[in-house]
Every structure is written in C-alpha cells, then in structure tokens.
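Next come two complexes built around chain A: one with chain B, the other with chain C.
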Partner chain A sequence: MSEREPVTMMDAATRLDYEFTAGVAMSKNLHGYEQGKFIGQRCPKCKKVYVPSRGSCPTDGLPTDEIVELPNTGTVTTYCVVNVPFAGQSIEIPYICGQILLDGANLSFMGLLQEIPIDEVRMGLRVEAVWVPPEELGPTLASVKYFRPNGEPDADYETYKEYL
Partner chain B sequence: MADEVIYRSDHVLEYPFVRSVGPVIGAFLTGLRDGRVVGTRGSGGRVIVPPTEYDPETGEETSGVVEVGPEGTVTSWSWVPRPRPKHPLQTPFAWVLVRFDGADTSFLHVLPAAGPDEVSTGMRVRPEFAPEDERVGHVKDISHFVATGGAS
Partner chain C sequence: MSQYPALTSGRRPVGVVSFAQYDNVRREDARNEVEMLMPVVTEVFGNIGITKDDVGFICSGSTDYLIGGPFSFVAALDAVGVWPPRAESHVEMDGAWALYEAWVLLQEGEIDAALVYCFGRSSMGDLSEIMAVQLDPYYLAPLWPDPTSLAALQAQALIDAGKATEADFAAVASRSRRSALDNPKAQVAYDRSAEELLAEDYEVAPLRRHALPPLTDGCAAVVLAAGDKAYEWCERPAFITGIDHRIETHSVGARDLTVSPSTRTAGEKAGVGTKKVDVAELHAPYAHQELILAEALGLGDGVSVNPSGGALAANPMMSAGLIRIGESARRIWSGQADRAVAHATSGPCLQQNLVCVLEGV
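Our next item is the complex of A and B:
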C-alpha cells in the first residue's frame, strides 16, 4: 500500500485546435473592418440586411449576393452590465455589453458601450461606432473600439422590438 | 469582385479543468499511481473495472475495492495505422479492450504493435506502468499494454 494520500483530483484539461476559414461572405465583412466600414449583405427576396452575413438568408435559403455598406450609427436594442470577473477578461469591470442594431440592418450584434455612465444606458439609446486608429485597423470586429452615445433622441421601441 | 480575399485563422478552445474524482474513481486512480489495478463489486458480485459508483446494469450501489490483474485478455480491438497528434502513442497501435483477470468488464487502453497481425481477440496482455515517480493518479499511469505471449 502507498503511504501517500489517496488521489482525489484529476487534471482534465481540454483543448480543441481549429482552423477557422471565414468564407466569402464573412471575409467581405472582415475586410470591411480593415477599412473602418460595416459591410453586410441583403437577401434578394425578403430584403433583410444581415451584418455580419453568412452568405445566405436563413429564412429564404437564398444567396445574399448584394453587398450593403452600413452607416456608423445604430440603436442599443438591449444590454447587459457585466459585473462578474472571469478568466481572460480584457476590460475592467463593470462594463456594458450592448446589442447594436445598425441603421438599415436587420440583425443586431454585440458591442462594447463606453462614454456613458452605467446607470444611464437604456434600450433605444442611439449610438455611433468609435474605431481604432487607422494604422490599427484589421480584419476583426476588434477594429471597433466601442460604441458611444451620438446625442440623438432615443429610438422608438417599435423600430427595434424585433431585434432584442 | 474587387477583393476576393478569404480570411482564415487558428482558433483554440481550451478549458483548464481540474475535477474531483470521488471515492470510487479515486480508489482506481490511487491504485494506478501505486502500480495496481482495482475495481469494485456490483450486483451479483460482478467485478467492474474501471469501477463505477453504481452498477451500470442494475443501478445498485457498488461496494468494496477489488484488486484485479495485472494480466488480462483482449476482448476487442481496433487498429490505428496512422496515429493522430492527440493519440496517446505516435507509432501504430491498437485500441484494445482488456478484461483483467478477475474482472467482468473491459478497460480501454493502447497496445503498440508492428502491425495488426500481432493483435488478436483472446490474446493475453499485461499493463506496462509509467515509472513510479511519473505516476500521478491518471489513466496514463499505465503507459500501454504489452503481449505476454499467451492466448485464452
């Protein structure tokens, strides 16, 4: 018999190595970030604009070939105040994750909200993207540093209620 | 179109889990660390290796620590001619199910061999343990299985 303590714990580290290929549609979107632009795609049938687009409309199953450049402004449809620290966190807590619906888009995506006190963030808040300096732009959503209020009056709930 | 660049990147998903193993698996892993193979007794006295906390067939609680082996018999196997990077061996090997002497269930491990002709159901094998100072209470404390030359 062993004189050592019984085994009670086991290292069970898990690691999956992927090679991610963005594909045609997502690559156009990523290339847009490199130029400081939001690039989406429009469905030929339902006319919805997806940003980022996966290359086809999930409703109609049709290729979304039409490229659409979206503006720098949008609406916070919903948000979350992050107060809980976690491994790999790169931003000081508390911070705000917002769902941003760009003007003219039919799909919202997650963005960091800054330059506003946390207790003033609200659904319908009008925001604009703040990009990193031109020399730091890259094919990544990290090229958008954060979103900040653009001073416009809040959007009407009816205009974004489908995008929560 | 002007820019047909397709982006690609490496993406790693990693979880640094440490799990508590409980008293039953704990006894099994403690055994491996100490160079022994142990199971537990299930319904009707069936010896289950590796041990489970409940008999997988009846759901009854298992009991006791039962030493088995060290030799055993291959009950099934699958040949791996070209190991993948995360396989436990980087030379050709067989995944083998080994029923240790005294056990009623089989245990999955690896058996390196020159070719599939050297592996057969019914062949007799024994575990080759890692050096004692490298054993930590993990299934890899058994480095691999080797043939003893017998058959059953």
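Our next item is the complex of A and C:
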C-alpha cells in the first residue's frame, strides 16, 4: 500500500442544468420579436425606456409597467471589430458588434452590423434592423438578423454620449 | 426617554422594525427574481411608511448556484433602485447572515437603518444536485449525496443513540403543519395526527415525506433600525439583544450529528438561557433537526416552538432563516411574546448556525 503513488490530482466533473424564468416584462419583449417588434418598458418616475426591461427601473426600483413599442431605427453608440476566432462562433470573422441605441430607448444592446465595409463603421452611425423572414420569427433576439446603415446623416454625439 | 433592553451582544440597540415575505410557492413561473422582490421590498418599506432613501445600507443574501447565473445578486438590486448610490453588500448565504452584517455595521454608529433582503428559488434547477455542490469537493461532492439522504443519516444517528424515534419526528411535523394553518404564507399546512403521518412510506429511511421540507420559491426582507429611529418607525421594536453564529467542520463524517455544538455555542453567546424564552423560531428543514436544535438551545417546555410552522411550512432557500427572525419579530411587535429566539442554519445537517435573541420593552 505504501508503494502506491500519492494522488496529486483528481477530476470531479460537475454539470448543473437550469430552466430560465424570463419574467413578466422580459416575456413581453421576447414575444415582441415574434412579431418583428422591439418592445420596451418605461419607468413611471424617470421616464427612461428600457429595452428589454427586467421589470423594474434599476435607478428608482419601480415597476416599469408602461409598454413602449420602439421603432426599427437607432444609433451605433460604440462598436467592436471581432477578429479573434472562439469556440461556438457562428459568424465568419471579421465581423462587427455594435451597441445599438434604438430611437426613444435609454438602454443600448448588442447587435450585429452588416452591409457596410468594416473600415466605414463609426460611432453615431444611423442603422435599421433587418429581420429574419416572417416564418422564422421567434421569441428571441435572433429574430433580428442584423443592423445595417439606413442612409441618414450620423447622429450628433450629444444625443448618445450618455449611453457609451 | 426611550427604553431599551439590556444587550448581550453589541452596545447599540438595533431593532427589527419591519418584515415582509413573498407568497411561498412551489414554482414561480411568471416572475423573475427582480419581479418577485419588488413587491416584497415595497411592502417592507410601506409597512412603516419609509422609502429606500431612509436606509443607509442594503445587504442581501442569495446564491448564484440556485439560478445558474453569475452575479445574480447584482441584478437583484434593480428591485430596490440604487440612485443616489449607497453602501451595499451581499453574502452568499441565507438572509439571516446578511442581517448579521447589517447589525455589525449599525453597531458602528454611522448609519441608523438598513434594508436586508434575500431570495432563492428551488424550481430552476435540481435542488438535490445543487446542494451537493456545497460539500467538500474531494470526498463528498463527487458522490452527489442529496440533502435528504444526508439528513436521513442524521435522523438514523438520533435513533441509534436512543435520543429520538420516528414517532418523535412525526410529532414535530404534525404540530408544525398544524401551526402553519394560521400562517397565510405557509406552503404546506394540514391537520393530521402523528399516527396518521407515520403511515406514510419512507422517502429515505428513517425519514418519511412529512419530515421533509417543501421545495419553495420565495424571498423576504427586513428593515433594521437603531436607537430612537427604531421607535420612530415601530411602536414596539424587536430589539436584537444577542446575536452570534458558529460553524462546524465541513466534513459531515467527522461530526457527531446527534448534537449541534455550533448552535449551543451561538446560543450561549447570544444569551438565550439568561431569561425566559416565549417563542422560538427554529430553522429546521427536516423534522428531526428541531429536536437537536431545541436541545442545543436548552429550550424548555414552556417555549412555543415554530408557531409559524417553521421551514416545514415553507423552505425558500436563502430566505427561510431570515423569515425565522421576521416571524419572531412579528410576535414581539404584537405583544404575543416579550422574548423570542430566532435561528438560521446553513450547510449539510445543521453545519452552520446563527442564533438571534429578540426582545421587546
């Protein structure tokens, strides 16, 4: 027994599975994607519109009960060119991740930018959402295929500087 | 001139002045954690007519393992709203330990009030697997023992030591579920005799279904206030006269599971035995654990144990301990009790224990 090698390492594989509860507010947002719509919610106090809302205004701690349908257009507040391959990558590199601030929203989210040369992407770029075909729409942000320039002049820095 | 009870722990009288809890349910499908917490936080402030701007510190208790997402406690703060910014902290533990941290900060004297909240859901994953991950990673966790099996070893040890019988476990469950009939927040309540309960099949011998806690989604919140502020917000604050928590080794096999030395020490440090106890709310998820805790705390026959039904009535993870403190405080506010002992536990087979003595003047 004493001749056995000491144990210096062991593997203890751990896997835990979960069911995610989106919540009342987030469910409204997700169902919006089924219809090709961006659904946000407004805080009754500071009037900020969150898309998506998790049910409360993080600033005020109040329920964001007012439903707001947002337009298809927005502004790129900042962006990142992805050149590095990683496990599970579904898009050919290089590609661009933009932070999209929809018009009328007070929270930006990440979206894929296409139909523009990489060296022309810039902060303030005006974009519109391109949705997947109607039969492919589902309760997921993947219903938005990507964002592309909508041809409007760039947004003034003052309009999005709070959302970087 | 406000009257305060003599303190065993600390030097500044800090009272529990408000308490709220979610409707404990088996599974909350519709709301996320923020949406569950918001009404509870609104209620705990609304009870005493204050807002988030009236507390100088926020402390929460939860564990990301239940939700399967990192930093879920940061996201949960959205339920309170933290503008303008204020001091905030979190413990990866039951809310009772978050209350302890807030109590320590209140002792420092820089703030006069704190919000404590906690949340936990058993429905999002397989709780018996999740609970195994808290065990020592080399010898126990790879075996994936579920908490009921570990508790059954403890119950069997009690029987083998001649300290209790299966009928004693059934008696605890029968009384607790009957008391729970008066608790509108109870998830499991019934009027069934111990004899009737003994006819159930074993879940894991020697534990039958009645000796097990329910699986619960829930959350809870408490407001603490110090000195005159406590009287400003509450006619008869439940002052924390003693509070202490102790832990035993993580190696379940190295412990005598029939006793709870950590509870005994915490109880002594909190001054449980110095005066008569009217009510004890014990966080005993499994029926036999109430017997171990009552012995460790030296609770006599005159003590009303778990008038809320305890964790057998509802066992929201990370909240069931704080709820014991809230349930105890409620009985002091109403004058039903002058002195109450609240207890919270964590870890397998009562590994870690917190004891909080509450008194009204």
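Note that the second predicted complex is superposed on the first by the 148 of 164 C-alpha atoms of A that agree within 3 Å, B and C clash if a C-alpha of one lies under 4 Å from a C-alpha of the other, contacts with A are read in each partner's own complex, and residues count from 1 in each chain.
One rule holds for everything that comes next: a residue touches a chain if its C-beta (ideal position, glycine included) is under 8 Å from a C-beta of that chain, and two chains touch if they have at least 3 such contacts.
Keep in mind the model is a prediction, meaning the values are calculated, not measured.
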Touching partner for A:Pro139 - first (chain B), second (chain C), both, neither: first
Which of chain B and chain C A:Met9 touches, first, second, both or neither: first
Contacts of A:Phe86 with chain B and chain C, given as first, second, both or neither: neither
Which of chain B and chain C A:Met26 touches, first, second, both or neither: both
Contacts of A:Pro58 with chain B and chain C, given as first, second, both or neither: second
Touching partner for A:Asp17 - first (chain B), second (chain C), both, neither: both
Where chain A meets both chain C and chain B, residue numbers: 10, 12, 14, 16-24, 26-27
Complex contacts: residues of chain B adjacent to chain A: 3-21, 26-27, 29-30, 33-34, 136-138
In the complex, chain A residues that touch chain B: 1-2, 4, 6-24, 26-28, 30-31, 139
Complex interface listing, chain A residues touching chain C: 10, 12, 14, 16-27, 54-63
Of chain C, residues touching chain A in the complex: 28-32, 34-35, 38, 41, 52, 65, 67-68, 75, 77-83, 121, 123-126, 129-130, 133, 137-138, 141-142
